[in-house]
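Naming follows writing order (A, B, C and D), and every chain is counted from residue 1.
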Amino acid sequence: MSAAGGATATEAGPDELMEINAARALAGARTCFVGIGLPSTAANLARRTTAPGLVLIYESGAIGAKPSRLPLSIGDGELADTADAVVSVPEVFNYWLQGGRIDVGFLGAAQVDRHANVNTTLIDRGPGRPPGRLPGAGGAPEIAASCGRVLLVVRHAPRHLVPRLDFVTTIGHGSGPGDRAGLGLPGRGPVAVITDLGVLRPDPDTAELVLTELHPGVTVERARAATGWPLRTAATVTTTPPPTPAELTALRELKSQAKEER
Amino acid sequence: MADIRDLREAVGELIHDGDTVAMEGFTHLIPYAAAHEVIRQGITDLTLVRMTPDVIYDQLIGAGLVAKLVFSWGGNPGVGSLHRFRDAVENGWPRPLELDEHSHAGMANRYVAGASGLPFAVLRGYRGGDMPERSATISTVTCPFTGEELAAVAALTPDVTVIHAQQADRAGNVRLWGLTGVQKEAVLAARRVLVTVEEIVDELTPRPGGLTLPGWVVDAVAEVPGGAHPSYAAGYSTRDNAYYRDWDAVSRDRAAFTVWLETEVGAGVRAVRR
Amino acid sequence: MADIRDLREAVGELIHDGDTVAMEGFTHLIPYAAAHEVIRQGITDLTLVRMTPDVIYDQLIGAGLVAKLVFSWGGNPGVGSLHRFRDAVENGWPRPLELDEHSHAGMANRYVAGASGLPFAVLRGYRGGDMPERSATISTVTCPFTGEELAAVAALTPDVTVIHAQQADRAGNVRLWGLTGVQKEAVLAARRVLVTVEEIVDELTPRPGGLTLPGWVVDAVAEVPGGAHPSYAAGYSTRDNAYYRDWDAVSRDRAAFTVWLETEVGAGVRAVRR
Amino acid sequence: MSAAGGATATEAGPDELMEINAARALAGARTCFVGIGLPSTAANLARRTTAPGLVLIYESGAIGAKPSRLPLSIGDGELADTADAVVSVPEVFNYWLQGGRIDVGFLGAAQVDRHANVNTTLIDRGPGRPPGRLPGAGGAPEIAASCGRVLLVVRHAPRHLVPRLDFVTTIGHGSGPGDRAGLGLPGRGPVAVITDLGVLRPDPDTAELVLTELHPGVTVERARAATGWPLRTAATVTTTPPPTPAELTALRELKSQAKEER
């Protein structure tokens, strides 16, 4: 098994700790809207650790999927085979997501700004060059609007955590407090941006993302240098608890199964 | 009742230059064989519609047959970018590609409106972002009861919808199961419908979680075993994940793609006709 | 997850005086036992919602528990009128009955809007007739793309929806099959949900044409074998057509109905409280 | 077997001829939206005589039902058991009816006016008395709007064929030609009113219902006397062909099966 960068047999690498932190953030959630990739890893890890009863809802129509291995795509056959119910894609979005039945949504991002707004559409490459094309919105605008709360997962780097989005695909907290209510967005919006260095959370008063948690050994300065705006820190910055052996074992089992099947 | 046809004939009769075509399937049951037949016949100037234009549309776009793409997420699932799609959008190769871009919820509801014979659908979506100002098919309506302003999206009514299913009977009744995505809506929204199937059977067996499309809403059924490869057909095949991974290298390079197109599909890249 | 409860307790806890209650089922799977428990407990001043208020609502109306009826077709299917319904509407006995009257398409879409968390739904309906001017829940919207004026109907969001199903497992996951009508939408539109089932099983068996409601959208499940009688539960019972025919005579006469209510349900006709 | 009024073992009674005429009107139709009662009798008879491939769509969600006996209710289990597909009630109305997929709809009526508008809601009982309550609209307004064409079936009597409706539940031809188009009703609307005396059809120029067909032995005068407005006749009034032995046998078999099961 080749563990992720910086990891050893008993210590987690930064990516692994990011994944484990994402799974931990699902503790207490009943239902989670799952995209493929890291969100699926985190949600399936949560089912094996912090949230055994977590109901996974995939936009492909599987409600209550209980995959025995990490699905390789959002339409993996295992999802339908293990689901409590398989419904149409319009039904997932209308009755289940917009219907307000989902506690947590996960989103990835190419760019996140200081109010946790998200760009997954295009990247400005400067004058005279056409913008670089990204995949687009997918389910993100309505996931961010309608889930009870949203977790963003992104690598901690200035090109991802930017002062200004090149395109606003998905509203997090708009330009600050009250914007979500003004736009009539039912959910609480992003409550955490989970990175490979730590966690940013919106300040309760300003809705600006501030540093609230660092992985062991990571300094505030390093996190600041990896953020595209002048990153503030919360009154207390905690240290991410190292993974338990159970967490690390469960994560590595999940990922090695997926690798073998590839 | 649907005609049971040869794939080549069915594609030639049902899909024409300039058509708006939806080929649907959410990772599962993607109608690759039909798309390759479109490429072989050089049917061009297409407006393609699909929630998740993955490798199947990368191939059609790279072949130069697509004038416009209506979509909500364009990537190679679990792998990365669609390089032919990016090359067309960013560099206009082999031709410029116009986009009409939505969210998944918006696209799904656009099919629902089409299937329902309505000109638009309503959702609580798109709020606050930059997408509505880039699309002529996103607008708003106000609830006459509460005053809430909601998003309105224009109905999708493709000239042709193409799907792949597991089975059909000899009257053209189609049965699919597993993740069935937005296929029913895409079929019912379309003016013409082509279904490729793994197998034509004497009698369709009822099966949990499946859905049946009556033959009288389908124009043609073609038996194409493996017609969803490299995607999969639950009960018949599994997803060829290596194909999706390998596509990344093939599609990154125009020359490698062109070779692929000639050797694997038997077609060349088309210049823009108009 | 849904609690597995005794019917009496579940009705008492979930349904309250003044509630808006939907008991759905299109001829099949009508939750009669739960309705009779509502009558026994004298839960009153109800707004009842149902596409086809047949004998089950005739009984509740006759018992004097209903202030308002939201519906689209009120008859005894295959037999004739609902006499308790008519007596309430025409003569105010045992109390006046307010009506909010729709078409089937309108009612179905009102549930869809409720299930979708939207304030209204759009349909091409009601045009030219007298219904819109009699209802505050029918209006119009204009398509922002085509200019067509369409009907808008207000979402239905019952305080409680009650349905009968064939099976539930011990976690309260509910499975129904056969004609499943508008039950999924009625359940998902409601604030609270009570499901009576023929049988609680260790494991739900997948079955063609069925649907599953996860236990986490259901508040309580009560095992009530025969709880849909005189309607039926496919796989468990057949419709008691004689009961529907005989109801005509019972319900034509206030005295005969009062005797029926006392002897068959164990309750009296309630005067209006307010 | 007790045949309907006026019928003998080999001759049809007026009700039977009405039912057979209704089945004949389905010749050439591919799909029919079926309500319970006479429409269901006619549609099931048509499947056994004039339209063997007719697809029956019941508003309870059964698409392509092929019942072996006459269903007793619109939610009869036999409908689901024999259907090509069973869908939800919203789907029937949205995707199948409003989607424009149904050729013929059948409607009954308490009152029909001379432009084939329909009342199934209430009956005025004169001053000082509350209106008599009827079942209401059911699917009728949208069936009449969206089916390719509509057949009305009603007993021929002045109280059913009235000069003015007490309530307009369902639009047929409004107040005359062009009204359907003006209201944006997609289908052609009512093409025939089938009664126990004959058939009325809308005049091509005025859309007013005129007498076009009479059962054998029925006079124009009798039909006029049974109509609540001054009934005009078409240039040619045909005589309904008597039922074939096959039609009569099939109809009586259907109905006797239903009776036995009651």
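The working rule: a contact is a pair of C-beta atoms (placed from the backbone, for glycine too) under 8 Å apart; a residue touches a chain by one contact, two chains touch by 3 or more.
Here the structure is a predicted model, which means the values were calculated and not measured.
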Going from subunit B to subunit D via touching chains takes a minimum number of steps equal to 1
Whole-angstrom distance, CA centroid of subunit C to CA centroid of subunit D, is 28
CA centroids of subunit A and subunit C: separation to the nearest Å works out as 41
For subunit B, residue numbers touching 2 or more other chains are 112, 117-118, 123-124, 148, 184-185, 209
Two or more other chains are touched by the subunit D residues 94, 98, 146, 186
Pairs of chains in contact here are A-B, A-C, B-C, B-D, C-D
Subunit D contacts subunit B in the complex at 30-31, 55, 63-64, 84-85, 94-95, 98-101, 146, 186
Per the touch rule above, subunit C residues touching subunit B in the complex are 117-124, 137, 139-146, 148, 150, 152, 154, 206-210
Subunit A residues touching subunit B in their complex are 36-37, 59-62, 72-77, 79-81, 86, 88-90, 93-94, 97-98, 121, 130-133, 135-142, 145-146, 167-171, 174, 179, 183-186, 261-262
Given the complex, residues on subunit B that touch subunit D span 112, 115-118, 173, 184-185, 188, 211-214, 216-217
Counting only contacts in the complex, subunit B reaches subunit A at residues 26-28, 51-52, 71-75, 77-78, 81-82, 85-86, 89-91, 101-105, 108-109, 111-112, 123-131, 148-149, 178-182, 184-185, 209, 231-232, 234, 238-239, 241-242, 245
